[in-house]
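Below you'll find the structure I mean.
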Amino acid sequence: MQHLGFSHKKIKIGSFDFTCCEGCQLQLANHESTLPAFLDLLDIRNFREISSEKHDDYDIALVEGSITREDEIERLKTIRKNAKVLIAYGTCACFGGVNSLKNNFPIEETVREVYGNNSVDTLPVRRIGDVVKVDYSIPGCPVSKEEVERIIISVATGSMINLPKYPVCVECKQQLNTCLFDLGEICLGPITRAGCNAVCTTGKTVCLGCRGPADDINFESFLQLVADRQLSLDELDEKLGFYNCFEEFRHDKS
Amino acid sequence: MHFRVPGQDINREPFADNVPDFHYQSSLMQTDKGYKCRITNIVPLTEQEKLFQLRILDPDERNLFRFRPGQFLMLQVPGYGEVPISISSSTSNNEQVELCIRKAGHVTNVLFEAQKGAHVAIRGPFGSSFPMEEMMDRNVILVAGGLGIAPLRAPLFWINDHRDRYKDVHMLYGTKEPSQMLFTYQFEEWEKINHIDLHTIVEQGTPDWNGRTGMITKLFSEIDIDPENTHAIVCGPPVMFKFVCNYLDKQGIPMNRMFVSLERRMHCGMGKCCRCMVGSTFTCVDGPVFDYWSVMNLKEAI
Amino acid sequence: MTKVDCNIDVRHLTRVEGHGNIHITIQEGKLVDATWAVVETPRFFEMMVKGMSSERVPFLTSRICGICSISHSLASIRSLERAMAITVPPSAEKIRLLAMHGETLQSHALHLFFLAIPDFVNTPNVLPLIKSHPDIVQSGLRLKEAGNAISALTTGRFTHPVSLVLGGVSKAPEKGELAELRQRLERVLPDLDAARDFCATLSIPDFERETEFVSLHNGSTYPFIGGDLCSTDGVRKDENDYLAMTNEYKEEFTTSKFAKLSRQSFAAGALARFNNNHVFLHPKAKETASAFGLVPVNHNPFMNNIAQLVECYHIVHDAIALIDALIDDPLEELKAAWTPKAGKATGAVEAPRGILYHNMEVDDGGRVLKGDCIIPTTQNNANIHLDLSALARQALQEEKTDKEIQQLCEMLVRSYDPCISCSVH
Amino acid sequence: MIYKVIAKPEFEKFIDALVKENLSFGPRQVDTDTKGQPIYQFKEVSSATDIAFDYTTTYSSAKHFLMPFRENLSHFSYTDGDWEQEITYEVKPIVLIGLRPCDISAINILDSVLLNGHFPSPYYLARRKNTFIIGMDHLPLPDCFCKSLNHHTVTSGFNLFCSDIGDSYYVSINSSKAYNYLKEFEVQDPTYDDDCKLIERRKLIKQSFKTDVEVTGLPSFLDIEFDSPIWTKWGDKCLNCGTCAMVCPTCYCYNMEDRPDVDLQGSSRQKQLYSCNLVDFAEVAGGHNFRPKNGDRLKYRYYHHYLGFAENANQPICVGCNRCGRACLADINPKDVINDLRMEKESCMICISESPDKT
């Protein structure tokens, strides 16, 4: 930002994954046309997926995945100690994500079902924010590279930007989609935070709410509209639980 | 047969490369173009506020930029955004524009990092102004709360420039704490040279504060008001101007002789983004300066 | 110079998806131990799908892996469709195959250019290459971008497809966009040649260990979605018989399971597909294979990289043909209407890293009773493990240094392009 | 205005010729809803057969062709220690086919807001000047109420307007461009018969309206009813989702954002159409929200639409297409809200005047 009399420094960055599909990290390598410019902003200190070099001095730690094992807690705490800013990215990190579905079953049963009599080390799924302090969250399953790019740039240029406060319907309408409720489906768009450009509904599948609740949502009215249309409340509940993003609202209801 | 609808390149129209003149509004087309400025000086006032002195680089544009007390401009910080800021300097100062800015968010934070010599841009001036001519030959009470002093400086400078045309001028200024008091370095000049009757107060004193403490309305006990002959200009948070104006109303000053400056979210300054609506009035075009009667009549104003 | 003692311990191998460790112990010049251990945290997908309505399942299973989400999604879809006897409209089949091509292309490009090549030119990552070999990096980026563009157009986005649904696809690409994509694919053809020429300059380690190669086989095309299961040792089974093909077992030192067929281990992936199906490759791909001296059955695991390059040729050409077919297709019927029905079946697809099985059992309401999923890397684990001992032994004989041995071993594992994060279980 | 009559097959030929050479958009069916009703949108068309001439109304309006949902207003390029702001108004000419009278009225309203005010918008002007509009009349849907706002007919704002008079279209030609194009085709001067048919058609349309919204005196009602409980009642239903504003042909409020380029060598200033129903519409730095409740925001949208804003031409900007009502998931629509407001008023007048029981 030479024109304002200061220049940006390369951001020392580390990217770390916990229990997840690593799809969010993969997004960092997408958007090929701007990729070299994007990498040029960064001083990658620790990023196992793409580099063999490892250092512990990073300003920003991008943390992906949820916490499901004892050793992960320790590793995460160390990362928190090293990092000035910790950004949870991806729905798993921010909300637990699909991993949380396993919390629906008792742990012993789960382990027995999948691993038989072999013992495995596993804990109920926790979000990053349940274990350490999170400075910023970038939700999404997977995160949108444009949004990550924007946020990283805003860190580099010294101005933290916010996520949209409005729900997915805004972007969905801007894509000129047919509302899926008109096609008889239950879509979580009206209560989910925008920022994904309504990819799912644009692909004509319902929003499952991977970005979590928008600001100040009207959950009552949303439940009412599902009921008014005689759509299945069980299905609604399955959708609300899919990414574990609407826990507080589901509990309020019951 | 020619069926290709011919394109019309409006870039070639004369307005497309004219210098935008925000006064001569009907021919204005470069609505997003600002006047480029250099920040010539930055004066730290408190932890939260700094005074920025800006000089428009292009002489033609500098000549175009004339404003009236109470108007504001849109300050563009390329790469960060645009914010409405009251013009806090004298209308007779054609060389520089002064802005007193509080660190409040995204754009203002980065302004606090900016260095002397930095290049920003301004669009404007926009909005209504205080009717200074109307107040001539009368008493004026200026009441400022906190950052409300920023838009009050322009009318104050105006009065100082035309001091002989105004009768008694009182200035009441209150902040939360002594450390938040702005422009203290000018107090003496205002009092001694400009004969402004200045009264200050803080809500919460500190051990080294030996002035008054309390709400700003307390200061009214120190001045005599001649309701027939007085105009008031009030700037500050809505709760404050509500109390002040109600008090002045009780003293008998008609509501249309009290002026306040409203603040709303703004993205254009031109009555287009509609973010600054109060009821069905644009703060950016019809305001920010309103007389108190209009404010009382605006739905959702306070 | 004889090696006396050496301890190689690579924890969380870099430049691979997921978490795996290499451990090699050499005492008095003898190899004592060489292990490959996957230490991915368990996620219990088989449990998560329980009770879920089948519509939602592909969206869940795609989250098994961020790189091959389309494969996982399609494997689930295929198994559920077979279980409930849903017939998919032909247009949707074409779109799905195109989607697979997109994923394979981007995955291969990512692996070759970002993860594998740095080993061959001795850099810790791809960043120095951006400076030293800008052209080849740009070619790689363009190929990857083209793959992503295919995925985005056919499934709605790069990762975690949105429009692949039970019964077909929920949305068809626009014709104009297809035409644009076609042009884009034409434009990356020179990039393929550039990649080929660059790879020709790399020295591929000379190492072989005889093993069995398992892949899909349908007798008419280079296989991606469904078909018989076959191996280079002559095994041939029905898709539903996947358990007889994998024979999973557990080893102490790893959380992931191992698999075997006719021998102690087998391999899946690009090389396995090539070894079983090379006759169905596009002529351009065949030409490239012979240029590298790649002839079936090839037993050098490092050649998997080359097999991937060969497949890229095939994919780009086949994708262009598919796009032409789609442009001519009215694209009217995209999704079959279906009603839930009890059943159980397997869906096998060729994920970029090898054959992938999903098996689902559903009740008459379409809810999943039981799900199973076997990923390519599980199938490759035993092979990697055995390759490691053989490679370490050979390297000892060639009197390589510790560092060289470690690097060779890491390269070996990376050649398999293991996708350990596919931690399903 | 010049009037001509053109047979439908000939008209299709004309459209074909126009569409083949220009980037054109027209109504196309995109879906069928659960009630079996077709859903239309303005989409790119490449031949006359792509166009659903007999469509009812599109789900979203055509405003985004003139005012994109997201638009770059300017770009800053940084050069050591300085920057240059570049503004261009480059747009490709487009053809819009099949706009309804209310859609065209809506564009006329946008014109008065964005072109005739104190600060005309060059971005809008560039698009407006490069848009060729062919309008078409239609029979109203049961919930259309444009007649109540007098927008069921339109006399300006288009290049060509077609009224369906059976086998032909009665076309009003409003631009020399359109006149020149039509010269190449077989068109007749309207006969007396044609004129009668047109009048019949207009009558039919006028009589077909099933929904009427009483708007007389609405501005003063709105002013008086500022604190009415009905705002809370409807506000409690509102999802704050912004759908109404997105599909509305006249909603034009926006948000601004600076987006730095990834290489940090510049940035673009972007405008995004916004909605006054979104939570942070009136939120300022520090978190104070001037309209914190759903009801406050919903009310404000009705104010803007039915009171009109002084700076923006001082007229109601709603054209009565009921797109917002159809799209709203919470079943909020202008008719019900306004009727509710009136009822509220009327019922309390009844209280005061103690009108006798109707027995």
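A, B, C and D label the chains in the order they appear, each numbered from 1.
As a working rule, a contact is a pair of C-beta atoms (placed from the backbone, for glycine too) under 8 Å apart; a residue touches a chain by one contact, two chains touch by 3 or more.
All values reported here derive from a predicted model rather than from experimental measurement.
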- Task: Please give the intersection of the contact partners of chain A with those of chain C.
- Result: none
- If you tally the C-beta contacts for A-B and for A-D, which one comes out higher? A-D
- Which chain has the mean of its C-alpha atoms lying nearest to the mean of all protein C-alpha atoms shown? A
- Item | Farthest-lying chain, centroid of Cα atoms versus that of chain A | B
- Task: Take the average of all CA coordinates in chain C, do the same for chain D, and state the distance between these two points in whole angstrom.
- Result: 50
- Rounded Å distance between chain B and chain C, as computed from the means of their C-alpha atoms: 64
- Message: Between chain A and chain B, what distance separates the C-alpha centroids? Give it in angstrom.
- Response: 42
- Item | Centre-to-centre distance between chain D and chain A (centres being mean Cα positions), rounded to whole Å | 36
- Per-residue overlap in chain B, given as positions that touch at least 2 other chains: 77-80, 106, 117, 119
- Among the residues of chain A, pick out those that touch two or more other chains and give their numbers. 1, 3, 157
- chain D residues touching 2+ other chains are 78, 81-83, 260
- Between which chains is there touch? A-B, A-C, A-D, B-D
- Note on the structure: chain D contacts chain A in the complex at 30-31, 33-34, 39, 41, 59-60, 64, 69-70, 78, 80-83, 236-243, 246-247, 259-264, 273, 275, 278-280, 294, 327, 329-331
- Could you pull out which chain D residues touch chain B in their complex? 17-18, 20-22, 73-74, 76, 78, 81-83, 85, 87-95, 113-114, 117-122, 125-126, 129-130, 132, 177, 181, 184, 223, 226, 252-258, 260, 266-267, 269, 274, 276, 281-286, 290-291, 296, 300, 303-304, 307-312
- Message: Looking at the complex, which residues from chain B come into contact with chain A?
- Response: 39, 77-80, 106-107, 109-110, 113-120
- Message: Show me the residue ranges of chain A that touch chain D in the complex, using the header's touch definition.
- Response: 1-3, 8, 34, 37-38, 40-41, 149-150, 153-154, 156-157, 165-167, 169-170, 173-174, 176, 178-179, 181-184, 189-191, 214-218, 220-222, 224-225, 228
- Which part of chain B faces chain D closely enough to touch in the complex? 1, 3-11, 15-16, 25-26, 28-34, 36, 77-82, 104-106, 108, 117, 119, 121, 263-265, 267-268, 270-275, 277, 279-282, 285-286, 299-300
